[in-house]
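Each structure below appears as structure tokens.
Consider the two complexes below, in which chain A is the common component and chain B and chain C are the respective partners.
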Partner chain A sequence: MRIFILVFVALFIFCCALFLGPQIIAPGPLSTIEREILFSIRLPRVLVAMLMGMALGASGAVLQGILRNPLADPYILGISSGASLTAALGIIGGMSFLGSFTVPVLAFVGALVTGGIVGMMGWKRGGLWPERLLLAGVGLSFLFSALLMLMMSISTDEGLRRAMLWIFGDLSMSEWSRIPWGLAFVVIGIVLSATRARALNALILGDEFAHSLGFSPQRERFILFVSVGLLTAASVSLGGMIGFIGLLIPHIMRFFMGSDSRMLIPASALGGGSLLCIADLVSRSVLPPMELPAGVVTAIIGAPYFLYLLRKKDVLSI
Partner chain B sequence: MKRYFIIISALLIGLSHSAFAGGSTASPQRIISLAPNTTEILFALGLSNRIVGVTTFCDYPQEAKAKPKIGGMSNPSLEAVVSLKPDLVVATTDGNPKEFVERLNSLNIKTFVFTARRLRELPHGIRELGAVVGAYQEAVKLADGIEKAIEMHGRGVRGQGSGDKGQGSGTSKKVLFIVWPEPLIVAGPGTAMDDAIALLGYENIAHGAATAYPKYSIEEVLRRAPDVLFIGKATGMDMREVSQGFLKRLSLVPAVRNNKICYVSDNLYRLAPRVVRGIEELAECLK
Partner chain C sequence: MSSASKPYILDLENVLYSYEKDSPFIHDLSFSIPEGGFIGLLGANGSGKSTILKLACGILKPLSGRIKLWGRDLLAQNSRDRAKLISYLPQTLDISVPFTVKELVSMGLYPYDIPPALSVDEALDMVGLRDKADARLTDLSGGERRRTFICMTLVQGAGLLLLDEPLANLDIKYQIELVKLLKNLRELRNIAVIMALHDINMALQFENVILIKDGNLIGSGRPDEVLSQRILKQAFDVDVEVRRSASQGIYISYDNNFAERRS
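Let's turn to the complex of A and B:
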């Protein structure tokens, strides 16, 4: 029942984000310019916000489960740092071998390669171990962030600011051409993890427990890890890094839906998508015609709400 | 407008007096420039062999690249500056940290702060700098040339503008100067581009933005329908290729529809003598 309310809320927010903004577009007869804005600029942008938010929310919920750590988020594995590094290389180095796809593809490749390295580091005795994954991710994340900072501090090019804007999340470049790819990876990732939700429930309780319920902990963990990697890579390559959603949306959803992963994964996806749509709406509406970084707005809206919930409710578990 | 100039020049005169106050009479022989635009001015004043240090951003003219580097604009190295034993360090209010200049002063290194930020402030800034570095004659010549060029471009517009004054300023053509297409970063208020556009009698649609180089909404570009788009140059990039996808999304904008898109140089990016050529480029395209 509650999930239907969430679907409804997400749809409502989607429509708000589409029609509202610095200039409200009223449904009805549209001028040529308004039609162009609505279909070529806003619609792809709102879709990308929804997809990114869904990917981040869902992957956060899965990752907190497989790592059994409430502080885990899709960025803790270093995947986003790897993606930022390759994307910044592309931006500052002025690469354009794939046209406007260059940076998203570089980011996606960077994310997957990093995910692969983390997986290799976390692999021991025939499986992935949560603690190893987490530590490998944190280690790599530090390394890549440091390399990124190094690159930025020695860069003398005007590419610097562009790289910063990209890294802090930028939805203004969303075009239709990116959406099929994003949609494919996000759907694969969410479906893959949602079908493994029962196994995830068992994994949260411990490997022995999962084993006794008939799951192979290592195999399930591996599948879930791959789906997290895909989701994170897709979201970073769609629009850069947006903090907060992956970490705190799953917790907010646990307040409402409980900890059952079968509900939590879709709920976190919907919650994440909705929040990013609102944040993007705010970011382009408060100081028009200027746009603010969506990642900053997400945290400014989301964090106080999370803290309010934290005071009001008294459960907090994964 | 006039009052504005008086206030600005009053401020500048005040500052220049304070700059002179601590200085010696001998002209400095070892000058360090902490910003690319002051580097360009110093070179234009013919001081190339008295410049002993520049920032890593200083890439114009070619000889500037060969000068010893003292770090970036926002993070110059104090050690590097001190070790070059300068007798004058030229800083700007636009990019150098104030604390750095204070630190240099506390080490008894003479500094000059270049305060001009707008197009019309540039000639005065050059004269002041020229006086401090002992190249006043050259500076006056250079500044007068720039002033004349600014006057000339402005006059052309006034003559033309008085003709259709009846329709008011709302009829002036709308333009947008794009610094980078994706994400869209444009020249906003307070930039030399904005000043040059106003000087030429056109309207910069980003003039009302909150910052100098805002990240601009694509929706707004469509809505405000600029008649001309300028696309500035970035080092080592083919801007035609970079902006292809972006322009496709703006196919309804008059500038794109009528193919009034001008790829211009980076001459206006720095407040230096090159701005004259930058204004000419814009004027050429707007003809």
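Let's turn to the complex of A and C:
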């Protein structure tokens, strides 16, 4: 029942984000300008926000489970740092071999290659080990961040500004052409992780427990890791880095939906998508025509609410 | 294990296991557990109790020897099918996860596509936790948490339950409660139990005991036959006194180890 309420809320927020903004579009007959704003600018932008938020929320719920760490988020594995590095390389280097797809594809490849390296470093004795994954991710994250800063410190002003915008999450560049690809990877990632939700519940209780319940812990962790990699790569390549959602949305959803991953994964996806849609709406409505970075708005809206929940009830556990 | 009439459900034949190369930890271990057996696995810290339980459920794979579950090679069995026969509860159960009692107990259904005969509610009734179904694990007492995990294994429908030191960190009231519950379940559902434990006197409550020392089996059989002063000295490296009372059978005292301090 609660999940249906959440679906309804997400749809409502999606519609609000679509029709509200600096220019409010009233339902009914649309002028040519309104139609242009709605279908060419707003709809792709809100769809990208929803997809990115869904990917981040779901991957956060999965990652906190497989790493058995309440502080894990999709960026802790260094996947986003890898994506940022390759995307910045493309922006600052002025690459355009795939047209408008160049930067998203570079980010996607960077994310997947980094995910592969983290996976290889986290692999020992025939499986992925949570502690190794976490430490490998943190180590790579630092390395890639340092390389990114080095690259930005020697870049031109224009390249630097565009790279910075992208890194802080830029939804203003959303366009229709990217959406089918983003949608495909986000759907694959969420479906893959949702079908392994029972195994994730067992893994949260420990590998020996998962074994006793008839799962192969290493195999399940590998599948879930692949789904997180796909979701993070899809999200980062759609619109850059948006912090907070992957870390805190799963905790907020646990408070409302409980800890069963079968509910938590779809709920975190819906919650993440909704929050990013709200954040995007606020970011383009507060100081028009200026836009605030969506990632900053997400944290400003979400963090106080999370702290309020933390104060009321202990939500910071997996 | 002594049981002339009941079929064996777990057979370990010449099992050898090593954590490090060229340094065997479990040596040529053989024993069999009958259907409905109630076995205490006794030994000092580091003697190999946990390793034996992990070998028996397939978490660890023996370097040589065979392990058979209901007559079939354990390692040849599909992991979901195996989960319907045998359930293992590790020594440390992470109770920091905020699952509710019902959510955890329902995990026992995971190996099944079609739910088995015993429902979650019936299982909760059997362990006396029906009224705590919606409580979070973190809000339960130590005894209730153990009962929740036992309840999950009931739903799992396994005929053999391997428990790694479930009495550790429980006060005596909960220890008695848990052992009584397991005895009860054995009567009701013919579930065999192998429990690793330290408490020698608690071992007297079991039908049979297996004594382990440095990965070797040093004794097995009925507690009143096996638990002698000599073998307990060998297993735990401590002097104990096995006392016999006409009404209650044997009990084991280690008072003599404190005699010096008293005088």
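The rule is short, and it goes like this: the second predicted complex is superposed on the first by the 315 of 318 C-alpha atoms of A that agree within 3 Å, B and C clash if a C-alpha of one lies under 4 Å from a C-alpha of the other, contacts with A are read in each partner's own complex, and residues count from 1 in each chain.
We take it that a residue touches a chain if its C-beta (ideal position, glycine included) is under 8 Å from a C-beta of that chain, and two chains touch if they have at least 3 such contacts.
Just so it is clear, the structure is predicted and the values come from calculations on it, not from any experiment.
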Exercise. For A:Gly21, decide between first (touching chain B), second (touching chain C), both and neither.
Key: first
Quiz item: More residues of chain A in touch with chain C or with chain B?
Solution: B
Quiz prompt | Partner chain(s) touched by A:Arg221 [first = chain B, second = chain C, both, neither] | solution = neither
Exercise. State whether A:Arg196 touches chain B only (first), chain C only (second), both chains, or neither.
Key: neither
Quiz item: Which holds for A:Ser259: it touches chain B only (first), chain C only (second), both, or neither?
Solution: second
Exercise. Determine, under the contact definition given at the top, whether A:His251 touches first (chain B), second (chain C), both, or neither.
Key: neither
Practice problem: Could you say whether A:Arg178 touches chain B, chain C, both of them, or neither, answering first, second, both or neither? | Solution: neither
Practice problem: Note which residues of chain A are touching chain B in the complex, please. | Solution: 21-23, 32-33, 36-37, 40-42, 94, 96, 99-100, 153, 156-159, 161-162, 165-166, 170, 172-173, 175, 284, 287-291
Quiz item: In their complex, what parts of chain A are in touch with chain C?
Solution: 68, 198, 201-202, 204-206, 208-209, 211-216, 254, 258-260, 317-318
Quiz item: chain A touches which residues of chain C in the complex?
Solution: 54, 57-59, 79-84, 86-90, 92-94, 96-100, 103-104, 107-108, 110-111, 138, 156
Quiz prompt | For the chain B and chain A complex, residues of the former touching the latter | solution = 56-57, 59, 72, 75, 179-180, 182-185, 206, 208-211, 213-220, 222-225, 234-238, 241-242, 244-245, 249, 252
